[in-house]
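In the two assemblies presented below, chain A is common to both, partnered first by chain B and then by chain C.
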Partner chain A sequence: MAKPVRVQEPVALHAADIGLTPRRLVGMTLSVGLGLIFVLGMIGGIMKAAQGNLIQLQPGTFYALLTLHGAGMISTVVLLTAVALWYVLHDHLSLRPDMLVFSVVAIVWGLVAATVAVLVGGFGPAWTFLYPLPFMGTWPSWSTGLFFFGVLFVGVGFAIFCFDLMAGIIRTYGSIWNGLAWDTWIPRLRRPDGKVAPPSVIAASMVAIDGLITVAAGSVLVVALLAHWFSPKFPIDPLWIKNLTFFFGHTIANLAIYVSAGVIYYILPKYTGRAFHTNKVYALSWAISLFFVPWAWPHHLYMDFVQAPWLQVGGEASTYIATIPATVVTIFGSLLLVYRSDMRWRPGSTLFLAGILGWLVGGVAAMLDATIPFNAVLHNTLWVPAHFHTYLLGGVFLFVLGFTSYFVGERQTPGRLVKAIEWTFFTGLVGFLLMFYAGGIEGVPRREAVQPPPGPILADIATGFVAILLVGLVAMLIEFWVRAKRNAANGEAEGL
Partner chain B sequence: MRALQRAWPLALGLLVAIDLLGPLAFGAAAPPLALHHLEHAFLLVSGGLFAMAYVRRRPKPYGDPLWILAVIGLGTLSLVLMLPDVYGIVDAEPVLHTLLHVGFLVIGWLGGYAAERYAPKLGFGWQLLVIVMGVITATGFGSGPPVA
Partner chain C sequence: MVPIEGRQLAILLLWISLSAIVTVAFLWVVRSTRRPRDFDAVQSDGYRLRRGWGWVYGSLLIISFAVTIWTMPYAWAQQAAAKSPAITVEVVAHQFSFTMPSSLPARRLIKFVVTSADVNHGFGIYSPQGVLLAQVQAMPDYHNVLYFTFPGPGTYIIRCLEYCGEGHSAMQQPLKVYVSGSQATSVSKEA
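And now, the complex of A and B:
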């Protein structure tokens, strides 16, 4: 007879051991991350102004800034959403603060390395760094290597986060399958105490598994690029590395949305007074996303005629299959949670619901672009940045801001000033996004320092909206800061 | 079922032994590159499975975060060992080549052990990592048009 395996409880690790409480750690990370988003947003505004001929930028400088903006924004958004999910689940899953420190430090180091490579070295092949461009530019070789080391560090940071998340889920629910709530479908998996994972844990389980798959792809990608950098004899197939770049880059950006879903499942019920409940539909829809999200990347490579047809068709099918279940379940679930509830409108709840709208609009725009006949027209136009700015800036980033507002405490009903700040922010956001879509419809090419008409006039208008957006963002961050100080002085923590 | 649970380490050990010693004994030619990468993945996964079975019998308290850093470092090391510049040194020498394959088995074991030391059952995370890396490397790591 097999001996029963007795597993000891987790090492009691007090946050004080590393001199930080979880709240302080998350607060510091949010401050740094939101500050970075503001700076990277400014860079975005500068690029728009240059495209609109309002200021002059050398093309090399433009492409270097484009690289920093893209790589920096994705890394920072991943960092912020990961920290938000960590915070809402750390008690429930016994997640460790020291692991979060390792994760944050690795990602920040990655960002610093990428920034130095771009600002000092002038590295500028865009965040996609498609081979062989990183090795052919006018920038020095060290900046190429440093940038790839930066990407490696970001991947390591995300891997640490995923491993700890997975450990916490297994510790609490016995297995990752129970974390995905597959026990709702498979009776054999059910725990004796009948405990079923809540929706936020289902989302976290999906992120942990797909996150590790993404990191595995990213590590092969970066090791291959670094090997080529060390020794140019190391052969690289351009199509293979392009597939790998989008496997890693698209999936990690995509996962930021699914991380956010875990935060929504936890926080939105606080405003509505109703809870999300795990059921078979939730478990099934997240299982479908688990399997198909890592297969959506080929929709970036429709123009690569040598790509295997099964990958092209598979990419289109996976995009549809992956996005519909979880988004529909989350969006409909959220609307049903709000409908006829005793909703408490606070800046956080407004930002969360606006973010859900951005997720929906950006997701539909993405699916249009991922549909092969549409892609033949929209590919390489401003439609592409339009859709990902909608779901990242107008979706995921709003969830981060919503979480921050909840985190600093929202006991008071918002006054007129707060509403004015929100209107300013949303006006800038919507106007900015509309100019991108207009450019896409007009066929204005993306990733170009100099654009044909009507690109420059649209960029001029967009620059104005970016300025309004950034003013709104700064005002919002100052309001958060003031509220955090006031609530801390009153001894009030997060929540309503 | 229980017999199967007892027999799998033996069966897997036999397969690993055939894989490691077969080329030495029979002088088989090196497989195509893709298959060779999958062979490395098989050795890494096998090592990880042995480690998981080993740790399961000796449960330990939850470990230090450094175990996770070790897991990530070992995954990267396994890729570095597959670089042509590194691999080329041992490729022509059957004994050295076999020793490197033993190295992959050991890395797999250490990775599985480190993951299980951080938290029980986390060895599955390590297995997921090496399987995905193995499949991806098999699709084209270290191959491509010649560089001018």
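And now, the complex of A and C:
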């Protein structure tokens, strides 16, 4: 059953007026986003094949594709998780579909601009576009400016999403502090009716605040770079801009996981028949995330020895502290919710559980990398893409797929077929990731069109696994599609 | 294959064992759903376990943090440990090579002062067997100081470890390391 569209305050462009129910809107965004992930995953496979000398790519082409893959994947995953969180919360919080439309459109336009800059202009300073490389490459100046405008659009799209979340939370719970459930600690804040925010709203509140801070920093970054682009006399300090770049880049990628946590809090209870309840521990844990996640970026600058020592040591401490809420509360709590529950094992629940494991294993690898003496031999090796693919591809993306499976409806899933698809997909995924880790331990640098040994051999093996992974992914997406059509034809929608 | 030793070995063992532990715990939870039970019955045990896990995890973090403070690669941590006076070597990275001496002595403390003439680069030291031993960033307008002692003679490789443009993966060069004493005079001239 399609969700009814609530009557809301009059707005200029009402999504319902153009025939877009929240369900259709989310369904369309999921389709576009998942399609994009597949295409960008193919580009990933092409990069691996080139590193394994199975195909020939000019270095310039390789680095352009690397830039597109990185920027595209991060933006798309942020978009997909945001849409999933929006969907599970829009009833609770009366979020505005028109705002989501603006947000999606801005992100898609940003992606289009970045794609043109890369594919037509050959823009290729990698997705972190570290100053001054964007201005000293082989690509034309227009592509540099266009790419920065693209990034700005993606940032604006995410900011619109955060504003809408924040407004919705304040409308329903009175203040953002109550959205964070600080009223469980501070009786003075308590609402007269005693209503406290559920855990997914707490996650959304954290994301809204830190998301806006991140976008603000990202806007300063991009505006400074655009100013330098207009007038090269505009001075930029390489160390300052590096800090700003990683503050923005790290935090926005990291937030995708916190957005997903909000979705987990909502979806996992549907499969286990048990509920997450807000209490003081959840409130405290998310307050820790709120404060410490934005302080973790210095772990990207450990090898910049001129950086102030307090930032280096503080960055390690903040990174460590930021993992406590995730491991002790969200992941432990999710496993407790599953433990000896009457769990309905469907494609969606399998994907969510597998994603939690990816989050954990990638988290272990991230912690090792965030430990300074280890970082000295891991920084900028393949260990870095190894760990973040583990929790972005093997974590956040699985949550997106799990949400999609829930969204299209889990009724009458073809059990045997699904098992085969899952085995294919996960075999490819695990093999692909293991080759990244092996390369990292062997000291193979990341971001290289031509790698020292044993990079090429590992890349050959990884290419095979990528092929298996992509076959599994296509099969899974087709199965979702078929299920969506059938369930819709039967007038049934999301759920079990 | 590059030999796995030193820090890399420690990292690999830690990652494998920690990942194995979490995976086993995870699979155990997944299997437990074959014997469903009321949530109330498991919840209080769960909360007690969570408290224990919180303490264990917190202690691990504190220990790891304390240990790493003393092994940081920064000048302030390394200078204190250095006994012999260091030989100063300036390194300037460009798109796409390093300007630096082509040979240096083994077993002598070397103070690399690293900067860049254009974009960000990385300065990575690889052993003759290909093991990554140390690195520091090469940034325009700044000088990063890396203290390093080559453990023995041989042909080391200096490799760029920060993406710096089209020639990035070709940005590497050999560095001859000899037993100190034999060519000491030529080094002090170069350095």
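Here are a few things to note about the model shown:
Assume the second predicted complex is superposed on the first by the 477 of 496 C-alpha atoms of A that agree within 3 Å, B and C clash if a C-alpha of one lies under 4 Å from a C-alpha of the other, contacts with A are read in each partner's own complex, and residues count from 1 in each chain.
Following the convention adopted for this analysis, a contact is a pair of C-beta atoms (placed from the backbone, for glycine too) under 8 Å apart; a residue touches a chain by one contact, two chains touch by 3 or more.
As the structure is a computational prediction, the values presented were derived from the model and not from experiment.
When the two structures are aligned on the shared chain, A:Glu494 is found in touch with neither chain B nor chain C.
Of the two partner chains placed by superposition, chain B and chain C are both touched by A:Pro238.
In the superposed model, A:Glu422 makes contact with neither chain B nor chain C.
Within the superposed three-chain model, A:Glu479 lies out of touch with both chain B and chain C [touch as defined at top]. Once the two complexes are laid over each other on the shared chain, residue contacts for A:Asp183 go to neither chain B nor chain C. Looking at the shared chain after the overlay, A:Asp98 reaches chain B, while chain C stays out of its contact range.
Of the two partner chains, chain C is the only one that A:Tyr339 touches; chain B does not reach it. The larger set of touched chain A residues comes from C, when the choice is between chain B and chain C. In the superposition on chain A, contact of A:Asp210 is made with neither chain B nor chain C. Contacts of A:Glu410 after superposition: neither chain B nor chain C is touched. Judged by the document's definition of touching, chain A residues 237-238 lie at the interface with chain B and also at the interface with chain C. Residues 2, 5, 56-57, 59-63, 65, 68-69, 71-72, 75-76, 79-80, 83-85, 115, 118-122, 124-125, 128-130, 132-133, 136-137, 139-147 of chain B are the ones that touch chain A when the two sit in their complex. Against chain C, the residues of chain A that register as touching in their complex are 59-60, 63, 125-126, 130, 132-133, 136-138, 237-239, 242, 274, 301, 303-306, 309, 312-313, 316-317, 320-321, 323-324, 327-329, 332-333, 335-336, 338-343, 345, 353, 356-357, 360-361, 364-365, 368, 371-374, 376-381, 437, 441-443, 445-454.
On chain A, the positions that touch chain B within their shared complex are 2-3, 5-11, 96, 98-99, 102, 156, 159-160, 162-164, 166-167, 170-171, 175-176, 208-209, 212-213, 215-217, 219-220, 223-224, 227, 230-238, 240, 244, 247. By the touch rule above, chain C contacts chain A in their complex via residues 1-2, 4, 6-8, 10-12, 14-15, 18-19, 22-23, 25-26, 29-30, 32-33, 35-37, 39, 42-43, 46, 50, 53-54, 57-58, 61, 64-65, 68-69, 71-76, 95, 118-120, 122, 124, 126, 130-137, 139-146, 159-170, 172.
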